[in-house]
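By written order: A, B, C, D and E. Residues from 1 in each chain.
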Amino acid sequence: MSTTETTAGPLLQFESVHAHYGPVEALKAVDVQISKGEIVSLIGANGAGKTTLLATIFGAPRTSSGRILHRGEDISTLPTNRISRRGIALVPEGRQIFQDMTVEENLMMGTTPIGMGHFEEDRAQMFDLFPRLKERRSQTAGTMSGGEQQMLAIARAMMARPELILFDEPSLGLAPLVVKRVFEVLAEIAAMGKTIFLVEQNANHALKLSQRAYVMVNGRIHLSGESAALLDNAEVRKAYLGLH
Amino acid sequence: MQNNRLASLLKEAVLTFVISLILFGPISGLVLDGFGFRNELGRSVTLAAIITAGRVLVSLAGMSEIGKRLRSRLTSSNSGVTVNTGQERSPLLPLAVLFLAGLALPFFADKYFLGIAILALIYCLLGLGLNIVVGLAGLLDLGFVAFYAVGAYLLALGYQYLGLGFWSALVIAPFLAGLFGMVLAFPVLKMHGDYLAIVTLGFGEIIRLVLNNWLEFTGGPNGAPVPAPTLFGLEFTRTAKQGGVPIHEFLGISYSGDYKFWFIYVVLFLVVCAVIYAVHRLRVMPLGRMWEALREDEIACRSLGVNHVFTKLSAFMLGASTGGIAGVFFAVHQGFVNPTSFTFFESALILAIVVLGGLGSTVGVVLAAIVLTILPELLRDFAEYRVLVFGILMVVMMIWKPRGLVRLTRPAFFPSSHSEAGIALRLEPQTEAGR
Amino acid sequence: MKTPILEVQNVTMRFGGIVANRDVSFAAERGAITALIGPNGAGKTTIFNCITGFYRASEGRILLNGRNGPQDIGQLMTRPITGGSHLVTRAGIARTFQNIRLFKEMSVVENLLVAQHLATRNNLLSGVFRTRAYRAAETEAVDRAYFWLSQMNLASDANRLAGELPYGRQRRLEIARAMCTSPALICLDEPAAGLNPSETRELSEVIQRLCAEHDLSVLVIEHDMGLVMRIADHIVVLDHGEVISDGTPDSVANDPAVIAAYLGVSEEEVTA
Amino acid sequence: ADTIKIGVAGPMTGANATFGEQVWTGVSAYVNEVNASGGIDGKQIELVKGDDACEPKQAVAVANRFVDQDKVQAVVGHFCSSSTIPASEIYNDNGILTVTPSSTNPIVTDRGFETMFRTCGRDDQQAVVAGAFILDTLKLDKIALIHDKDTYGQGLVDALKKTLEERGVEPVLYEGLTRGERDFNALVTKIKSAGATAVYFGGLIPEAGPLIRQIHEQGLDVKFVSGDALAQTEIVTAAGGAQNLKNVYYSSAANPLEDPATADAQAALKKANIAPDNYTLFGYASAQTIVAAVQGTKEGSVEDQIAWLRANSVKSAVGDLAWNDKGDVKDFKFVFYAFDDAGAPVPSN
Amino acid sequence: MDAFILAQQLVNGVTLGTIYGLIAVGYTMVYGVIRMINFAHGDVYMVSAYIAAITLAVLHFFGFQSVPFALISILIITCVITGIYGWAIERVAYRPLRGSTKLAPLISAIGISLMLQSYVQISQGARDQGVPILIQGAFRFGEGQHFVQITYMQTVILIAALVAMGILTYVINYTRIGRECRATRQNRQISAILGVNTDRIISSVFVIGAATAAVGGTLVTFNYGSFNFFIGFVMGIKAFTAAVLGGIGSLPGAVLGGILLGLTEALFAGYVSTDYKDVFAFSLLIILLFFRPYGLLGRAEVQKV
């Protein structure tokens, strides 16, 4: 169903989405649009609801009202495991790699939606992107350091050959050198023609990489626009860039 | 749309029917008879039809508006924990009423009902004890019945060999059971979650097997008789057996077997109230807080200087002590103990009480204990379907309230009124003397 | 010169074949902020775990010169029967975790009260019967909890579940909880991870205040070089389990070895 | 009242449900017969079922319910001694005649409860017969004693052990197996290594069946002797077929061919298409006992009935029963059975 | 003499242990994936024993007398129907409890266990049932009274168990479904996000677990010849013990634990006392866990502070 037509509309669209954790409303009437080939970033304070926004795409939590459209189809009621088959992949917050599996097995898990047909080829590509993973290919992933795990999480997501990749704070807990490398990788991935939706605390980096951005406050989209414009926005500079 | 729905409903119904037929076909349709079998397939078709009808009804109900609302009401979970606001009304009055009503029960209830009430209270006690271990400290204990057995046998064997009576056993039982708890806890506390479960299960079985096999000491499967209780040397038997005076003679009334049950009920009721109070206090005391913290995150606890071994040990011992007390009451109520009362199933039942009550909730445990004791009795009219229905209800209750009957709350804390002034003083790091 | 609060002497830590730390030595000064930086997987968290008594170092010694004079961490842990990591805390080292570890289903105040269990009355009977001394100790504990909450700007959340708090507040709560054990040395493992720049700035002020006002020494692991450069008095750099640089922020930031292994070339991150 | 209520208590669920079922079948078979022929002086008998699952706590609840709610006049039960003991205290306090078909534990009657009777024999009586059978009839003296660690089985074996020792024979093996298990191969090998020529098993069918089968499979040449619990049709299937029952013997109530009372009962059961299983017969006999006592005293008080039972004997499905003052059966007769090629029991001598 | 007895006891122990191991596999698989102790597993095994016996009776009724054909078709039919039982139980009693406390499914499982026992008792009666001897005879080594024997049935048990274990080990370690099982066990949420149908994985784990129990149930039925509705209880506890002994969650551990438990029981019963063999077995378990807190082959959970 995913390979049919590419409609003219946005690739992914949130239409007035609300989401709850029990009684707590975490998303309030969120509208977001992502078009094919774009890099869009989402910034916001802790607990603003950024992670929740990404999670609702995969149905955890489910939206309590509103729709999430992918290629014009409402995906907000699909089972979680069907989403990735539509070409959407997530690099989750806190990496969440399979600790007891080897690096290679983690990569194999990444191929779930498309099968193992291109495994060798894709793995070679990932090893080019992250030589460190090649060295550690048969190490148990749980014993690797944070940075190594982050690379693995990105590589795992890429194994499904997704068209749209969601990154949830890929720079969390990484050394400056690695953060730089991760953002380079993001740029490389974008250059491959993938669409990227990037959630970041590191607003400076995120806004520099992306074309458009949303700013989230307390579960609402507070500001949106061209990234370059937001970088100059006084409010953003003060609250998210730590500049005066 | 409508058609679509009907089609899917039909598909669902056929599927359900086929699967239930496969499930029920061999077991209830073909009954073994010697090396042959009897054909009762009609029975399994009926069963499958009933299940299918039920399934369809549920689906239909789920589609209608009322059904949807009902369903959301039923499943609207009391998930999670809430913190009190500190504004709650004090429940003192209803509690006092409940207390008096409880005390007065023997005047209204017949012996059958009183017997069940006693059993329910014993299970309250057991549930409260296990709740400390499982609910508060988060240690899964599948052998709790061992401590129950220790209490019960303490009275039986203590009477036989040492001449212990009800009251002395009641005093000794918590200590002895606590000691057993400690002996078990030492090797066990290093273990994690489910390994702990099997080890405690093993311990419970060991105790039961030893009680069953050590014929010379425990009476083995024949069990041991337990003396009737006494009150200041007054006995509740028709004729004095322990060197005292029968109470009906002392009071100059005619004998009735009921006095003994009244007496046991009242003492038990008071003990249960005392334990409830103590457990309630524990939850807001440092020790109780440490148990709960340990349940939440052991590593964080260690980083705060909590001695996790000692803390777990104390939970185990206190839980065990409570179980021991329950054992004494059980023994004196039955007048006889043998190992069949202390099987693994009993442990499972107590655990069910704790879980159904809502892990950690005192009120919940009491409620669940009452429900799970009275339910099997109510089901007596189902005759041989009793256990079947009990099993089904257990599953249904869990699905209906997976987090237990009672929603957990946490106490609220507020700074004392003079604290602002005192802050500077208290800022000083604690000195040795402060400990 | 004052004796350092903590001395790490030739510590080596092995996991099976993996050597996470090799012959690491450094010292943390009293009343100062020492930062521990290094690439991912350099062994920073591991050395932390040795210091706070979660791992027993394979070789070497860790000395704490706390309130009770010099104490060997390794010995505290291996003391028969009563030994264990909780003794390290009691000796005066508190810590936070790289992955937040709060008691999620307990209220915020309760989280802090657990940390004060040594100060409150543990006696069972006095608690059940609510003796006067017990009540006094309890009140004092609650007040101290509120004090630290207000220090961390968390007082308004006091009676909420800890698990409900947003991430940044959970980070601060973890620090407040550690402070409630009245430590001499507090070890923070990536306290700014997941915070945005302005939150990070706030946090660095809190850490500096702790150090200045409460007679506290701080050992901090952090990847946010902005924060490190701003607050650290002294930086130790680990790479591949070994100390590659040790000195003032300036000297470390200009150490070519550090730049190559960790910082990368630009000055940009350092100032951003 | 225009009916007479009798409670029947036993394990209708749980591990021992099969025995509760048998007792219930036996009692209701006899009661149906009585009711069909006009009841007792025109009064019908009404039965109340009480399930105790062989758990003492449930036994007490059942007893209280019988007394307070169902207001029964007599009780057949309970099955397990561990249930009968606590329950009988309640029956005794309330003056309810209690006849247990199966609780062999000495404590049941040793506590001086006047209302308590049993129709089953005491272990010592059966043991004497068994001892004589093995030593004198089979002429074997290397005996392995196996029990199931339960009141009935262990009581039987312990009594036999004493009997044997009195005759100067020391058993070559004395072991208890665990109820509910199926694999006794280790025990069988041990019996073999002990060089036993006879095995006496005190226990019930679920364990006896596999034990017999495994003895057979390991090719042991021993005679297998057991107590009256084996008197059940299911032994054939449980032991794996009639061919495995060649060297199996068991003692049971008197021979129906010689005793008309038992013959009548067995015929009646046959007519109702009910297998004459051991506890069915004892249930039947217990019901007979109660009916006899009621009829004999013309529905007199419990005290009268007790006195009547002590003074008279009852012709029952398990032979003539007479009681001593404790409520135990006076010299119970036992006969030994073997199996024919089709697995049907035949008296052996 | 003594050597023969010892060898015979070893044979006894290994056979019993293999059966324990087969049942233990069900516990271990389910635990491995959803961290739940499935207390109804013993009763699933009990149900499978009935299904096997009924299938045999039906086959005989229709005149199929060939033993190998009967055995194989019984194994297959029993596995399939028991597998459906496993599926249905998970669907009805456990799936609605996903995401609630860990102990809720445990209690639900106890309820299911009561239900199954009661259902079988009501339908099939409480009495012991039996099956005729299917395969008779034994390999005998030695002569006269001094011999060791392995019955043909025991041989069948060992072979069937080996085959079943081989298939399972292969599936878990080298196939996609096995990998997805392991992924689901570690992080269900992320597995689903990566496209794993976790519901189906969990269902299949229950089906596989029940089917292995059915292999055990069938073999036990034909080896021991008799069963009733209550056999699940003792076997359940024993198999659970075996699973933990070997390290719960580990497949080879379950088999190893089973065989160790079987051997312990046989040797202790043979040389010391049958009465206390279970006490010994449980004590051994406690002692072993004291020194190896994660069982023989269990891996310590990676606990990075």
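We adopt the following convention: a residue touches a chain if its C-beta (ideal position, glycine included) is under 8 Å from a C-beta of that chain, and two chains touch if they have at least 3 such contacts.
All figures in this text were calculated on a predicted structure; none of them were measured in a lab.
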item: Path length in steps (a step moves to a chain that is touched) from chain A to chain D; value: 2
item: B-D against B-E, pair bridged by the larger set of C-beta contacts; value: B-E
item: Distance-maximising chain from chain C - centres being C-alpha averages; value: D
item: Chain centre separation in whole Å, for chain D relative to chain B (CA means); value: 36
item: Distance between chain centroids, defined by C-alpha means - chain B, chain E (Å); value: 30
item: Intercentroid distance (Cα basis), chain E paired with chain A, Å; value: 44
item: Interchain centroid distance [CA atoms averaged], chain A/chain C, Å; value: 31
item: Contacts with two or more other chains, residues of chain E listed in rising order; value: 118, 121, 125, 129-132, 275, 278, 304-305
item: Junction residues of chain B, two or more chains touched; value: 35, 79-80, 213, 299, 384, 386-387
item: Interface hub residues of chain D, defined as touching at least two other chains; value: 13-14, 149, 176, 236-237, 241
item: Sites on chain E touched by chain B in the complex; value: 31, 35, 37, 39, 47, 50-51, 53-55, 57-58, 60-61, 81, 84-85, 88, 92-93, 96-97, 100-101, 103-108, 110-125, 129-132, 237, 240-241, 244, 248, 275-276, 278-279, 282-283, 285-287, 289-290, 293-295, 301, 303, 305
item: List of chain A residues in touch with chain E within their complex; value: 58, 60, 79-85, 89-90, 92, 96, 98-101, 105, 108-110, 112-113, 116, 140, 142-143, 156, 160
item: Residues on chain D engaged by chain E in the complex (per definition of touch); value: 13-15, 17-18, 20-21, 149, 175-178, 180-183, 185-187, 189-190, 192-193, 205-206, 209-210, 213-214, 217-219, 234, 236-241
item: Chain D-facing residues of chain E, complex; value: 1-2, 5, 8-9, 12-13, 15-16, 19, 118, 121, 125-133, 138, 147, 149, 151, 220, 224-231, 233-234, 265-267, 269-270, 273-275, 277-278
item: Chain C residues within the chain A interface of the complex; value: 15, 18, 37-42, 98-99, 164-169, 190, 193-201, 223, 225-226, 261-264, 269, 272
